[in-house]
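Two complexes follow with chain A in common, the first pairing it with chain B and the second with chain C.
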Partner chain A sequence: MPDTHALVNDFLNKLKKRKIEGSKATAKLTAELLRSVISQQRLPHTNQAGALIHAIKAIGEQLTAANSVEVAVGNIVRRVLHIIREEDVSLTTASIGGLSLQGLSDDEEDNPLVSAAAAAAAARTTLRPPSLQTLLEDMPPHSAAAAAIPHSSSSAGDSEDKTKSTDKNSRSRKLKHNVIETVNELIQEIATCHEQIAEQAVEHIHQNEVILTLGSSGTVIKFLCAAKEKKRSFRVFVAEGAPRYQGHTLAKELVSRGLQTTVITDSAVFAMISRVNMVIVGAHAVMANGGVIAPVGLNMVALAAQRHAVPFVVLAGIHKLCPLYPHNPEVLLNELKSPSELLDFGELSDCMDFSTGTGPPLLHVANPAFDYVPPKLVSLFITDTGGHNPSYMYRLIADYYSADDLVLQQRPTC
Partner chain B sequence: MDLRRAPRTVIDPKVRHVGFFAPPDRSQSVPLPQSSDSPPLSDLSPSGNSLSPVMIPPPRTISAGLPPNRLLSPLHRFSGDSVIPVGSYNPSEFASPSVADFFEDNNARSPGPRRSRGGGGSGKFASSLPAGGFELPPEVKPKSLTTVSVVSNLQPNVTAKVGEQSSESQDVNSKQPLKEKTSKAERRALQEAQRAAKAAAKGESSFVYLFDSMIFGFFLSVLRNIEGSPSIVILSIHFTVVATVKTGKANNVQKKDNSSSIAASSEKRAGDHKDKDRKKDVPHPRMQFDDTTRVEKAKKRAVVKQTEVRNRVELFRHLPQYEHGTKLPHLETNFFSLNSVHPAVYKVGLRYLTGDISGGNARCIAMLQAFQESIMDYSTPPGKALDRDLPAKINSYISFLIECRPLSVSMGNAIKFVKTLIASLPLTLSESEVKATLSSEINHFINEKIILADKVIVRHAVTKVRDGDVLLTYGSSSAVEMILLHSHELGKRFRVVIVDSRPKLEGRLLLRRLVGKGISCTYVNINAISYIMHEVTRVFLGASSVLANGTVYSRVGTACVAMVANACGVPVIVCCEAYKFHERVQLDSICCNELGDADAISKVHGREEIDHLKDIADNENLQLLNLTYDVTPSDYVSMIITDYGMIPPTSVPVIVREFRREQISSG
Partner chain C sequence: MGAKKGGKLDDGVDDMPHVPLKAILLADSFTTKFRPITLECPKVLLPIVNTPMIDYTLAWLESADVEEVFVFCSSHSKQIIDYLKSKWVSKSTFSVTPIESLNCISAGDALRFVYEKTVINGGDFVLISGDTVSNMVLTEALQEHKERRQKDKNAVMTMVIKQSKPSQITGQTRLGTDELFMAINPATKQLLYYDENSDNLKRNLTLDKTFLAESPSISLHNDKQDCYIDICSFEVLSLFTDNFDYQHLRRHFVKGLLVDDIMGYKIFTHEIHSDYAARIDNFRSYDSISKDIIQRWTYPFVPDVQFSMNNPTNLGRRGIYQASDISLSRSAEIGPFTYIGKGSSIGGNTVISNSVIGDGCKIGGNCFIDGCYIWNNVTIEDGCNLKQAILCDGAVMRSRSVLEPGVVLSFNVVVGQEFVVPAYSKVSLLPQPVEEDSDEELEYADNNNSGIIHAIENGNSSSEWESSEIGVGGRGFIWSISEVDQEEEWRHSVAPIPESKLIELAQMALENLEIGTEDNNVFATMDEQESGNESDDETRDEAQIFEKEIEATFLRGVHENVKEDHIILEVNSLRLSYNVALETCASALFYSMMKLALDTPHNSAAVLVKNVKDVVSRWGKLLKPYVQGVDDEIEVIMKFEEICVEDGKEFAPLFVQILHLLYDIDIIQEEAILNWANEKEGADEADKVFVKQAEKFIQWLNEASEEED
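And then the complex of A and B:
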């Protein structure tokens, strides 16, 4: 336990001091942290999933409070919670399935379990999209469950005469084991999301295309390079993305790959966008309504693209998908960086009068880090699972998150 | 448009107002507060840029008493002339007579008394120059408008003093020729002195000489600007001659006698056809640089040697893409071999090149003053006619200026004005009369089309500023700056958001000036425009030009600001003097634009750690594009404030059609 505390505190510090850059790195670290927390969590015999969820929620609350702008943390916490719930449900159904198979043979089954199974099934139907498979699972619950988890049912069936305690024990280990395994899959998925997105590059970029991007993002670099590797030739306009000027790094990377690259200032975006076929940018987070929290300046680019009917394509890994609906995101989901990136601290000291010291200061320097791009300006999201419309985002969210976890803050009463 | 319209004579076109007008309420009753001249700000004006690579001495080093060329700083222009009693929008008062009154009044007040005291011939003045020449009467000094206030042929005091040489004739009719004759003689003397100075300086290092001659040129401009008196100019000549060469003097006096007779003899004028070779001289202002044959031809004629940038941007092949660092040393070394270009024009060209003078108004004024100076120094070569030779000369100056930096629309319009002016001169005038007329008309143009226009714009625009407003502006526009300062002086409480962008970062200069005046400012990068726009109530933008389809041609980034403001429902107000309107139409920012220094993109000022592009600058795949202007579609613009009133962008062609003809013909 002390180990996890130390780990959590360390991570919290890093988040607070903004030591972790980029949502992908944050997501990966969060997932790894939660994995170690889960593996070290001691679980009670009853209601294991509940305990685990409670523990993760507590940590998640701390983590999101540390950096409320980095929504990837919250996303991963919710994903892990969802995984726990899913595994719990599937284990329960499996055991129920095994038990109810038993129940068919001898007619003396306890009712509460059956009702629990029914509740779990109901929960699953609400969580899962109404696919044919779920319908089938619902129709004949026993056979589908048995087919879905053959080994668990068979193990349950094998040890018919074993005591309940050992069954519980194996189930608890099973839950933890399954959860950790799925979290590992999640980490894997985060690690490979760039490649997954980049694979779709050739489907979206044609020969001699002119692409505009602003700033830099790992996803965009991979995406463009992947298209280049598949022998597409196209040109790229890179707006430098002041005040971080990451566009310069992107330009360097693209030039080294042999792409025709033109670096422009951010102010020239409107002038150049009329000659551009497509805008491809990265995102910081994708909200449930399809709006995008993106590096500063992108709302301007999106408006210009809309004006000239240029498709505005956002590349985002699934870990950036946030199940929250934004309210006043320009202010609430933003972060003001140091003004020294715009003005040196001493630059105007000679013409400002500090001697009086009364009244508000004359000079403010605003240096926000993010912009909010409303969903109507986005033409397409390309995620690791394929391309989606902004209006489809809410549906994707239902796939990856459970409705109970949207609010991570636990009520003080319970 | 229709024939039934009332004849023009009913309404004087000059006073016809277009659009909405400010009610003559509070701005009328409140006299413009007289802001004191503020010395700390003068070093912010472009002229005070001591980092300039050209050896243009900063004003302060010359003499503390000498005011710098203050027209370059819009701030000064504003503060200086706020004494003008522009009282009402009553058309009759607003028309040009009142302007003339004002200048008469100004002149009568400022340099008069001293002038009448300073008697004696030019020789006497020359000896007393270092003391007397620099001490300007106190009321001249803060008057940044003095340059403009010179309508020299209207000044009784000047002519009176000039009259001293010939000791008589206060008759009004004889004044002008007399004065002009002497001034003509003095021009000759000036040229002579320059030549002598050059000869004498040959032994010395060119560096020192360059410096000297710059000071000399500066003297000329400043003194002439302030005094408007030829005999003061000759003082400076004598002074310079004494200072640099000691041999020139006798020569000078002798020449002077000769030249007056030459002047008398060369007054005949030839008939005027539009000669075609004059037109050939000038490269077309919008030459297409993808036409290789024409580019080659232009190169042969070029004064400025230019090398093309390594990686040209494919989309902009039709625009000149030259390396910026290479022109300057070449021009500096060729300073003495350029016989065709007048020193004043040369100086202005160099300052365009270094970016020392920027902004449509400042560039236009600098160019007109240089032309004025060169016209004053002009003498018709024997065997040629003035109305053919002078335009050719001016054309060569213009092509030199184009080589330094492509013309702005404001300059193009001013050039058109000057050319029409020369072409429309009556043939009966003597050379000296022609020069005087040209000079005064150019002054008139600067006054009326730029300075008074700005004043009117300010007057209209302050009615749109309310207490509690948050005004956003982009870059640094002289008109907008004047509006902000004037509103502040009127006691309105508002906040200013200054949006800035690389690579010029002109907003910083504006920020500095506004904060220095005590206006509360917020400074943001252009990327943060969507963030800040939610708190903004009005957007004020300057413009390099307004085109006939209502699009606004302005500093790159203006379109972005207007677009975001439009998306957030904030009114966008463009402030532009009507002389910058142009009948051209443009749909995108690519067909006609200007490309800046590409290296400014790869280097980030003040952030040395960002040097990713340094080592790959030669890679053929990398292109750096530094656009200077962009085009804002008219539907983003809520209102254009111009000297004819506040108009919607759809009314721009009306202004262009109705007033362009009048503007040119009035000159």
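And then the complex of A and C:
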């Protein structure tokens, strides 16, 4: 498939060269890329799900290696893998249903297969802790499978293997179709996550409150604006978010929507925090333990908030939910950006004259992009599905990812 | 980030049809600064932080929305074309087309050749050399250029400049280039004057009066660095064709336009601030730019971002970059700002800091590596010591060998066991070409050199290297450096300038400043005393400077225990540059000796005499070449008198003793003393103090000579 190959390479290049940045953009593009990969993937007759998973994993490995900072890429790959597995399971259970129907009528020697499949399905369900989410998710496929049963059983009148092959064919198309459908839902979910989160704004922001935020995040803008549109009046303190100063653009945006806004320096956060009712910030990624990888400076804000018992609320779309723990070696927590955001190179060029200096360069400039905020400093996560405690994150993750996919890197020996 | 902005700005010029932005990349610097490495490999393919230079340039051009790049290759063109084919050709949105010409010997020739090829037909293009590292956003500069062009058809070129203060002491920038003087009209940013090789001793420049007449204000800069990124209009190519004698981009083309005022064409500048742009011009800039890349000023073109299919690399704390498959001994100590390439192994107790180590290198135990650039597949055995050196692919250092600062080992050189390669040496498997063209700008003869390479590769078995210049079992020739280059070597080396050199330069700079201004040293008194004399101020100043210079040279010789011959050599060169007589040298040297003796701690006259004796007997030989006749000797005695009167009053009572001493060790002959006494016969009473003091001695001498007769 040269077509998808070119697409994948193009996306890889963009990721590698940091031409695409930001978790939402990368998540959306990854999902769209994977959708086209799935739709063009030719599947063998046996073990389609396995082949699909293998293909996606191979691409996912490349994608995550291209820019390990963009955690969302890995998240989406894992989500898609999970979707494939789920669809496969639901189809298998459906066909088991069909087979057992046949078994009842024919009394065949298919029993060992049935029992094996049933055992596998049973194993999967026990592997995964039951939750409301999974139960709800499992509902529609069941009904779809039920609709598929008559189709397969109607052709059961002919010879044995023929039924099987047609059954397989339809199943493969079915699998692909279902997966693509669900991936579409995922893309939709990413696209609307801002609105989903913003809808909950009025529940959290109350009249005459003072909100503090740092830097800028698309989610936060939508959230605050949604509260304003619902006729809540409140004030916002915006810490400017050095060195990128995105707080300035946020302030502009808020003022244009008629919100009372105060811009402060990052270093003034502690002084102002006592007047604040709630801190609302965006995140780069949410880890499995409920820790947050967030723009630099937020750990300081979180500590200040804790000191004054101000709630620290993190807004994060589900695509930012990462099934890894921050201590995992493949999680690169940070990226060091160019020091020129902090300093003008020309003005300091004489500090870095290596010809006259003796020994190593004396001036170091570090410009990390992210902070890690530990879970104990976070009061609440607001996601598309509602508010959650940091300690609930691992359960949420169990709903969206399967444990087999946590490590995308394939063993070189396999 | 840059790309995003670029997209927006591009929409702004919607009224014009979309013209793909083109670039001409010169994959040849037409210089010999990277010899001997460039004899075997083209400069643009040399790795900087483990990625070939041309990758940085091409990756930047790609990110800056350039769509077509024409790579001009001359020397080693085959290697470059093969490389481009393997990596850069075959991209849909970014086309790289090599243009090959084997007989171009300058940038001018190259551009004329490109013009003939008619690949650029109208429209603007970016002119850049293949050794440029940058992350600047081009759109703004392009926009400015376009707008200017619409107003003024004669604005043919926009030159990118960047702030960079040159060092006060060495007069060169951190990139090792000479101080650059530019006159710019601050309002229009038009470049009015450009002078890059100004004599830093003179420190003066002449501007045309008409500049001021034409523009209300001129800003004169010496703190700007030329990034060698030019946005040119099509006319530039035809200008090169019209003026077939233009060779060098700056020296001929820019100066030609500015001075000769051809058809009223104008050059403008665009200054970048937070963006990075620099050209790897010499080994010094190779060092500086490597450090900038490691310190991430060139983001996103840094090792841990895979901008050109480079190996995935992890950035750890303290700026340590590590690629995959590294085997690192537990006791090895990796210092800050170090890059270690894929598959390299490092032995126990090895200390590495501020260095770049390429792919597949094998480094033994107990090595010390600081500030080195080690390319791929280099073997360093146990106990080696390397400081600020460059080791090309395949170089081998046998156990316990040492590289002193500034050494360059070219491809596959082997340094023998326990051999110490002296500072600033350049070692290559190829013999140094016999003084081909003294014209330093031109890199000819690369094609016929390939013959030599093959001869060496095929013909030379290991036995032929037995009597190698670089130790037992070593392979390679140490290239000899001519006398003139020796002086310049430290300026452009990877090694920092040695401290002694800096002190020397600082003193020189200080002296230059102090001429005509206040003096607070020994000579202040002399100034006052002699101010009444009619002696020409200027020559006296010259003499003083000379004397001070000699003293500095001598003292350095004493402290560093330099051989007499070398000091004599230096004194000679000083004598030539200041154009003074032999006897002046003699008296100056003598003065420095006495000063040394006086400055050595002493508490009694006897000790002082002993000091003098020590100094004179140790360093007396220095006077020999300058004291050749009786007249010279008299000059020395008179100088001694002067010392006794002026700043060495302590010597006054010891005059005779020391005179005797000088006589004893044959610095001064009796004839000279007697002549001196005779000369003084008719002098003032005041002048005769010392003659009187020496009366007895002279008498004794007289008697002695009479006896001999």
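What to note about this one:
One rule holds in what follows: the second predicted complex is superposed on the first by the 359 of 414 C-alpha atoms of A that agree within 3 Å, B and C clash if a C-alpha of one lies under 4 Å from a C-alpha of the other, contacts with A are read in each partner's own complex, and residues count from 1 in each chain.
We take it that a residue touches a chain if its C-beta (ideal position, glycine included) is under 8 Å from a C-beta of that chain, and two chains touch if they have at least 3 such contacts.
Just so you know, these numbers come straight off a predicted model, no measurement behind them.
Following the overlay on chain A, a side-by-side fit with no clash is recorded for the pair chain B and chain C. Once the two complexes are overlaid on the shared chain, A:180 sits clear of chain B and of chain C alike. By the touch criterion defined above, A:202 reaches neither chain B nor chain C. After overlaying the two complexes on the shared chain, residue contacts for A:264 are found with chain B alone; chain C is out of touch. Touch counts on chain A: comparing chain C and chain B, the chain ahead is B. In the superposed model, A:248 makes contact with chain B only, not with chain C.
Of the two partner chains, chain C is the only one touched by A:17; chain B is not. In the superposition on chain A, contact is made by A:346 with chain C only, not with chain B. By the touch criterion defined above, A:365 reaches both chain B and chain C. When the shared chain is aligned, chain B comes close enough to touch A:304, but chain C does not.
For the three-chain arrangement built by superposition, the Cα-centre angle with chain A at its corner and chain B and chain C at its ends equals 50°, in steps of 10. Once chain A of one complex is fitted onto chain A of the other, the partner contacts of A:58 are absent, as it touches neither chain B nor chain C. Between chain B and chain C, the minimal CA-CA distance in the chain A superposition rounds to 8 Å. Shared contact residues of chain A, touching chain B in one structure and chain C in the other: 341, 344, 347, 352, 360, 364-365, 367. Those residues of chain B whose C-beta lies close enough to touch chain A in the complex are 40, 313, 315, 500-503, 508, 511-512, 515-516, 518-532, 534, 556-557, 559-560, 563-564, 567, 588-590, 593, 601-602, 604, 606-607, 610, 612-613, 616, 619, 621-627, 630-631, 633.
Residues 1, 3, 59, 63, 135, 162-165, 167, 169-170, 172-174, 176, 225, 273-276, 284, 287-288, 291-292, 295-300, 305-307, 312, 314-315, 319, 335-337, 353-354, 496-497, 499, 502 of chain C are the ones that touch chain A when the two sit in their complex. Only residues 16-19, 21, 65-66, 332, 336-341, 344-347, 349-350, 352-358, 360-361, 364-365, 367 of chain A touch chain C when the two sit together in their complex. For chain A in complex with chain B, the residues that touch the partner chain are 240-243, 245, 248-249, 251-252, 254-256, 258-272, 274-275, 296-297, 299-300, 303-304, 307, 330, 334, 341-344, 347-348, 351-352, 360, 362-368, 371-372.
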